[in-house]
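Let me begin by presenting the structure, written as structure tokens, before commenting on it.
A, B, C, D, E and F are the chain letters, set down in written order, and residue numbers restart from 1 in every chain.
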Amino acid sequence: MTTHPRPFTLFTGQWADLTLEEVAGLAAGWGYDGLEIAVSGEHLDAWRWDDEAYVAERLALLERHGLQLFAISNHLKGQAVCDDPIDERHRDLVGSRVWGDGDPEGVRQRAAEEMQHTARLAQKLGVKTVVGFTGSSIWPYVAMFPPVSAERIEAGFTDFADRWNPILDVFDECGVRFAHEVHPSEIAYDHWSTVRTLEAIGHRPGFGLNWDPSHMVWQDIDPVSFITDFADRIYHVDCKDTRMRVGNGRNGRLGSHLPWGDPRRGWDFVSAGRGDVPWEDCFRALSAIGYDGPISVEWEDAGMDRLHGAPEALAYLRRLDFPPATASFDAAFKQD
Amino acid sequence: MTTHPRPFTLFTGQWADLTLEEVAGLAAGWGYDGLEIAVSGEHLDAWRWDDEAYVAERLALLERHGLQLFAISNHLKGQAVCDDPIDERHRDLVGSRVWGDGDPEGVRQRAAEEMQHTARLAQKLGVKTVVGFTGSSIWPYVAMFPPVSAERIEAGFTDFADRWNPILDVFDECGVRFAHEVHPSEIAYDHWSTVRTLEAIGHRPGFGLNWDPSHMVWQDIDPVSFITDFADRIYHVDCKDTRMRVGNGRNGRLGSHLPWGDPRRGWDFVSAGRGDVPWEDCFRALSAIGYDGPISVEWEDAGMDRLHGAPEALAYLRRLDFPPATASFDAAFKQD
Amino acid sequence: MTTHPRPFTLFTGQWADLTLEEVAGLAAGWGYDGLEIAVSGEHLDAWRWDDEAYVAERLALLERHGLQLFAISNHLKGQAVCDDPIDERHRDLVGSRVWGDGDPEGVRQRAAEEMQHTARLAQKLGVKTVVGFTGSSIWPYVAMFPPVSAERIEAGFTDFADRWNPILDVFDECGVRFAHEVHPSEIAYDHWSTVRTLEAIGHRPGFGLNWDPSHMVWQDIDPVSFITDFADRIYHVDCKDTRMRVGNGRNGRLGSHLPWGDPRRGWDFVSAGRGDVPWEDCFRALSAIGYDGPISVEWEDAGMDRLHGAPEALAYLRRLDFPPATASFDAAFKQD
Amino acid sequence: MTTHPRPFTLFTGQWADLTLEEVAGLAAGWGYDGLEIAVSGEHLDAWRWDDEAYVAERLALLERHGLQLFAISNHLKGQAVCDDPIDERHRDLVGSRVWGDGDPEGVRQRAAEEMQHTARLAQKLGVKTVVGFTGSSIWPYVAMFPPVSAERIEAGFTDFADRWNPILDVFDECGVRFAHEVHPSEIAYDHWSTVRTLEAIGHRPGFGLNWDPSHMVWQDIDPVSFITDFADRIYHVDCKDTRMRVGNGRNGRLGSHLPWGDPRRGWDFVSAGRGDVPWEDCFRALSAIGYDGPISVEWEDAGMDRLHGAPEALAYLRRLDFPPATASFDAAFKQD
Amino acid sequence: MTTHPRPFTLFTGQWADLTLEEVAGLAAGWGYDGLEIAVSGEHLDAWRWDDEAYVAERLALLERHGLQLFAISNHLKGQAVCDDPIDERHRDLVGSRVWGDGDPEGVRQRAAEEMQHTARLAQKLGVKTVVGFTGSSIWPYVAMFPPVSAERIEAGFTDFADRWNPILDVFDECGVRFAHEVHPSEIAYDHWSTVRTLEAIGHRPGFGLNWDPSHMVWQDIDPVSFITDFADRIYHVDCKDTRMRVGNGRNGRLGSHLPWGDPRRGWDFVSAGRGDVPWEDCFRALSAIGYDGPISVEWEDAGMDRLHGAPEALAYLRRLDFPPATASFDAAFKQD
Amino acid sequence: MTTHPRPFTLFTGQWADLTLEEVAGLAAGWGYDGLEIAVSGEHLDAWRWDDEAYVAERLALLERHGLQLFAISNHLKGQAVCDDPIDERHRDLVGSRVWGDGDPEGVRQRAAEEMQHTARLAQKLGVKTVVGFTGSSIWPYVAMFPPVSAERIEAGFTDFADRWNPILDVFDECGVRFAHEVHPSEIAYDHWSTVRTLEAIGHRPGFGLNWDPSHMVWQDIDPVSFITDFADRIYHVDCKDTRMRVGNGRNGRLGSHLPWGDPRRGWDFVSAGRGDVPWEDCFRALSAIGYDGPISVEWEDAGMDRLHGAPEALAYLRRLDFPPATASFDAAFKQD
């Protein structure tokens, strides 16, 4: 039996221009039950995992707002662990400590170190799950041209395992699990690459998935089947929605390098409930597999004010959090 | 012109574990206008049709709760009239009086007798419609393997007519009509089997249909066309919804023997408004054919608490009960 | 950046059986911000454009109800400018002044004259846009049988230009633009006929489009692409919805000469939000092109009381008028 | 049991620039079994029905080429019987004898007279079926704007019956049946207008249908269901194909007044087998209803040389003329 | 690497009204490489497995016609192993020896005994695969009404395992594998019931699958994914095709008890290549999993003469037996 | 009027492991009219453009086989002009002369130089068109994560123009046009990126497109509309086909890093005519825009022997090369 009502949290990654205090105030005001705090900017600093006062202060902040903590995330530094090339886009994401002199391999190693600290910080904060990205050295070969050899692809999965196993060792020590977000640019970005990734890491329990359907929709991956196919690896749930805009023969799946919000893109992120994710089927599947963690709103919509959207998305998703059945309906047919 | 606003009723079949008093209390509290009472368990006993005190007490109960009565139903005993085989599943449904020693033909005949009493009870209760199932001796041959002869199929329709004509004679005497629910397991389960069933019974007016779209959706039968095609036989309306879950290549239309609520089924029943029935088109078609009976909610959803769902479904369906137009909109264009 | 919140207006054409005072009272009561007044019946009389008292009285009426005016419309007389044949259907639409003795060419010329007066009236009322129809001498040839020559089609576009250029000259003088509603029966009724029409009129800025998606849907024209393809010609927006009812193999796209509201039609007009127009995609596209005019509700639904529908449609469409984003969501990812 | 192999004929309407002798030579050379001769130009002259030498000569011509005759057609004059307006397009179609002074009512009456002669000619030629169009006085109102009253539509069907009943009286006298081609511009152009047309004519057996699926496809009418729904009225079969080209959001169902062959049209005629007609399902349905008349190829494709297409279409359609089953396949399972 | 060219065989089940000699003559004449002989009627008698002369004679017959043998089948007796009820339909299928006095349990046990003999006969004939059905005691509960308990469903899978394990023990002894045809009426009829069936039998290698896509198509099961999902259990391939006929809102997935060939059925069997099976994708998937057995044509089409269809289907399927690639195409891009 | 019959050529890129002599022999034997020779390996060497003997020898080789030359191509070196990063995949493609020491900017410049020589070689060979790729410095940012700025995207288009304008200057001097193949990994890979690319290059006539539909299909770009939208830039036609394999919820559009031919990919290249390209609509559109160049077969299919596929594809495509119409079919209706 799954928990009911479920806790709803707001992911702070897209609010890093505000202080955690400000985000917490907004989220609490909108009725969120908690936050999924990004290890990013002022929100959380993984390198201070052993600063007890810091940790206590972060927890106190949440408590002041009546918010709970179920998971923290560190997408941006996870991204840099395996990526190749490492370029100016990463510099903007990883912060000066990890960037250092910008030497790619150094960046990767410092990013890996931060991921280990993130596990330690999670343990200190009392949470069991870290959400994030893995990066990938083979993502640039997705178009298969210029031709790429099977060996090169294999090497990419090996590189991933080689870089992440030591990180996951620390996760295991801390009793924390990593929930990878299946996403283009990452080692696992669709169904079969997820199968392959789990094989590469030997199905170790410390490595699971953050189910976020937004990138599945435009790749024609069924987010409902994804839940049941990877039932034992769904460690966290992020709700982001995608609206398909193909169908006029001109808007393409790859987006034409157009910015978010441009109506000529083949798809776009929208506030949860305004896109094509079959949310109710997904929520029913989450109940069926017994998922009992938080439902976290990762809010992105280039056409809507986030102050309008974040509470709207919460209200929309709460409608799917109806109480489960307590008995079989056809049991009532039985006569004595 | 159809009635407006329409009366909404709750079908009590899935609530037979509660007393009628309890169900009436709940339904009235949620704003239902009446009940479609199942002749089942404590709710209604067809064999007491000539017990005037009993009948008066049942009506008084409804009146206490401010509820109206437009139809009663007897699916479970109707099922046993034609079924072959009669097995333990029927024993659970028909009650000990009809089951008796369990000899199949005896069960069928006692079930038929109860259906006659049900018509008499309806008359006493002042309602014009009895909803129910017919059963079918040829349903087990639906897969067409082992091969079944055309003669055997014909015999099934004849058997149906032979068993139901005497029942309908009593209906005619009582001024009550039978509304068969088109449903797998029954003599009429889709469009063409309904055409054939009406022929078998000589289109006698005492035999009509209970329109319930939930089983049409997964068979690819259009519930809107069904209304206009059988306009003169739509005697009652039951609202149950179905959500399709095929589309991943693995979930099948026949359900894999999986229980209700399992996400691997190809379809499932859901609370009205959460599935794939095109409800608004259906309601507009019901208005177009002049249907002026009740809208009854048959609530089944293996993933939702019925106490949550029954009022939600009512609210959803009432949105479709908007007032009809009073004039043609383009009449206003006319200039003098 | 587009205006927010947008003003919502009610088109008075389908309410011409009421006085403008009555319509204004209703619209204001429902929360509309203004009216799109039809030059029709008692609502507005184009021939009184130079009657200052009349104009002032009309404006005062609106002001009394707190309503704004962004556009006026004159579909019915616009229709008669090019139509051939002119028959009894037009007599009902154009009023006795334009109909006169009913001689077709005379009707066309008086209709054209009224369109010129409509521009003058718009100027007096302080509005920049007149919405309307053009009529078409070649619409009856849409089925291409009996065969029609390419020359005859060309002649139809030339006839349109010849008749409308003098009208548009007056529009230019008045600083008013004409917004043609793309619609069957008109010179421009789909994408390519709109392209051809704009060529015929030399893309003069005085001639633009009233975007109304209701007739695009059933012709398989994408109303979203239409907005971006004709971005610089979207001068006004009318919201009418269409529900498709094809799919049973019998209901046809051409409607079988059946009246509005008949469930056997292949499509029908319905209250905005109850049909198949992808409204949210459309509104996002309108924002993307910077449309900053009013959103006008043209309410038609043969199955719903207009007193119920007009406020419902307003509420539905206002949900799409959410505040736009103020910054890029991924800007927040940046670390210092 | 239907005939096998079926006879295949070529409709001569689109070959009227050649003499019948030339067409017969071509068709026989390509392997056609017969012709469906158009009463048009040099091919056949209905006014010579009582000229025995003429009739004998036409039959001898066919015999010389080894061709059979199952039906003749007269679309062009049938068109003029009900049409309103009668304009220059008709003048090109009907020939000078019917056109006369061009007074519309005179044209209609002479066209009706020619249709009577066509029945007489059919009798003389020994054929039982005349294929053709009816025309329609209400077709121009298909777009429902300017608004058209229900009475006006009714009057259109009455006008049709009034004009065609006297023609059909002659058909009855001659023992010949009229097969109306369901087609835009005609009184019956889709499913429900066909239902209404048959009612208007009192279902008299002399009036049936020429099944041509090409115009059904783009109207979303299922040509297979059409066969079974009007099983007793399918008097003749014409095979013309249509290729849908909608789906890019810009090509519309109404064709934008673009000429045949333009890739921007929403659909176009193509050589049979190159379009979207589900031919095999149709042929199987024709077998199921026992249709035993000819299969006639009406060849139109603006992108292909007719000398290439006419034999190709024949070859394509003959592939569907496979021999029917002689026994039930599951009978073989039976063991003794 | 899969075999190329593949051997094509004809399944003799639907030809049991002819002698094996006659069928062999026909098949060889049409170019088939071998037969999949049904243990049925005169074709093969499992009870004579230890009659060496009989076995030699059957093999000699094949050799005379130049035909090979890869598999034999026994659907009809397999069906009776688990079925409940056993009724007159089975009497027609199993023959008098298995039917005996018709006592259901006796029929089941004699059917099981014949299946054991079938394995022995296969061994004698030198083939490794027996194709067939399993029957099912729970198939009649597919509609889930009257309600059926989860325990009853479980009991059905247990019953299957209990009855088939002793049969499969003999298969193991003989070095022969059973290939169950996934099919309605059987224990495994779709994806998830196949998963459950393989679990019930403990994934013992003696029990695999006969891939026949015809019943997958109408259940919305993807036959291509089925191949890759059950790659290690695809022991045999039967090619039968199904044409979908739903889409008009009236033809249903369950077939309305209508006979094969009726155009009102929602689907029907057709000669391979004339239906909706994505054959080429399937053949490519078979190559991808390394399937190297025969391709057997199970020919059923109620609308076509089998003498026409059997060679046509062979020709169609051979087109898919193109030679595989010998190198990667992009290897050629490499420059030195 | 377009040429008929059209010349069909074979692109030699995927045959570079054979000598040009060998490829010419095969192509001529299969009935090809000419070759589209890749500047690759032994086939053609752009650096020998001014070696008259070499050029004469190549032409003589073609003449010996009766083959014509309409275009040459240089995809591999074009790829390196803009790409970033330049890595080992490029080393395999560009050959040692262009690779040199592998310094990326040096590689890019030598690749650009080879493209200039390719224009010169084309001139010497008497052909007007060079087909190829452009490469792109912004392709790796297609997933939009890590976030990429609008300025970075703009810079990518500028970089393209800066690098290609000098190349195109040489093309202009030589009277040769470059036909860019719209393809992932390139500066233009879908509709809107093609629009943007043409803007970047100022619509100079020397830069056009090689229409190859294979990558449009899986991106949801309509290849038919692409032809009419870019009618004046379709300089060459390459026919490669793609088969979609999504639809089971697991196979993704991005291919999961799986090799060509794996049935779990969401799409794959197949021999022309075996995929989802709407070839006939495309050919009709090419006729409509007056394309009069060659039809070149770019053959790729990981599941078929190329020796089987290359002639099969030719035969398939020639079926679409039917003779065009010589007159309007409805002209024949005209009576005198």
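By our rule, a contact is a pair of C-beta atoms (placed from the backbone, for glycine too) under 8 Å apart; a residue touches a chain by one contact, two chains touch by 3 or more.
What you see is a predicted model; the values in this text were computed from it and never measured.
Where touching is counted per the definition, the chains common to subunit C and subunit E are A, B, D, F. Copies subunit D and subunit E of the same chain sequence form an interface built mainly from non-equivalent positions, shared numbers / all numbers used being under half.
Comparing C-E with the candidates A-D, A-F or C-F, the pair whose contacts agree for more than half of the residue-numbered pairs is A-D. Subunit A and subunit C, compared by their mean Cα positions, are separated by 46 Å. A straight line joining the Cα centres of subunit B and subunit F is 62 Å long.
Shared contact sites, meaning residues of subunit D that touch two or more other chains, fall at 76, 92-93, 146-147, 222, 224-225, 247-250, 259-260, 264, 330-331, 333. Chain contacts here are complete: no pair of chains fails to touch. Of all residues in subunit F, those touching subunit E in their complex are 13-17, 40-41, 76, 92-96, 243, 245, 247-248, 250, 259-264, 269, 274, 299-309, 312.
Contact residues on subunit D toward subunit C in their complex (touch as defined above): 76, 79, 85, 89-90, 92-93, 138-148, 150, 153, 156, 183-185, 189-193, 196, 218-222, 224-226, 229, 246-247, 249-260, 264, 266. Interface residues of subunit F, counted against subunit D in their complex, comprise 222, 224-225, 227-228, 280-281, 284-285, 287-288, 322-336. Contact residues on subunit A toward subunit D in their complex (touch as defined above): 247-250. Residues 146-147, 330-331, 333 of subunit D touch subunit B in their complex.
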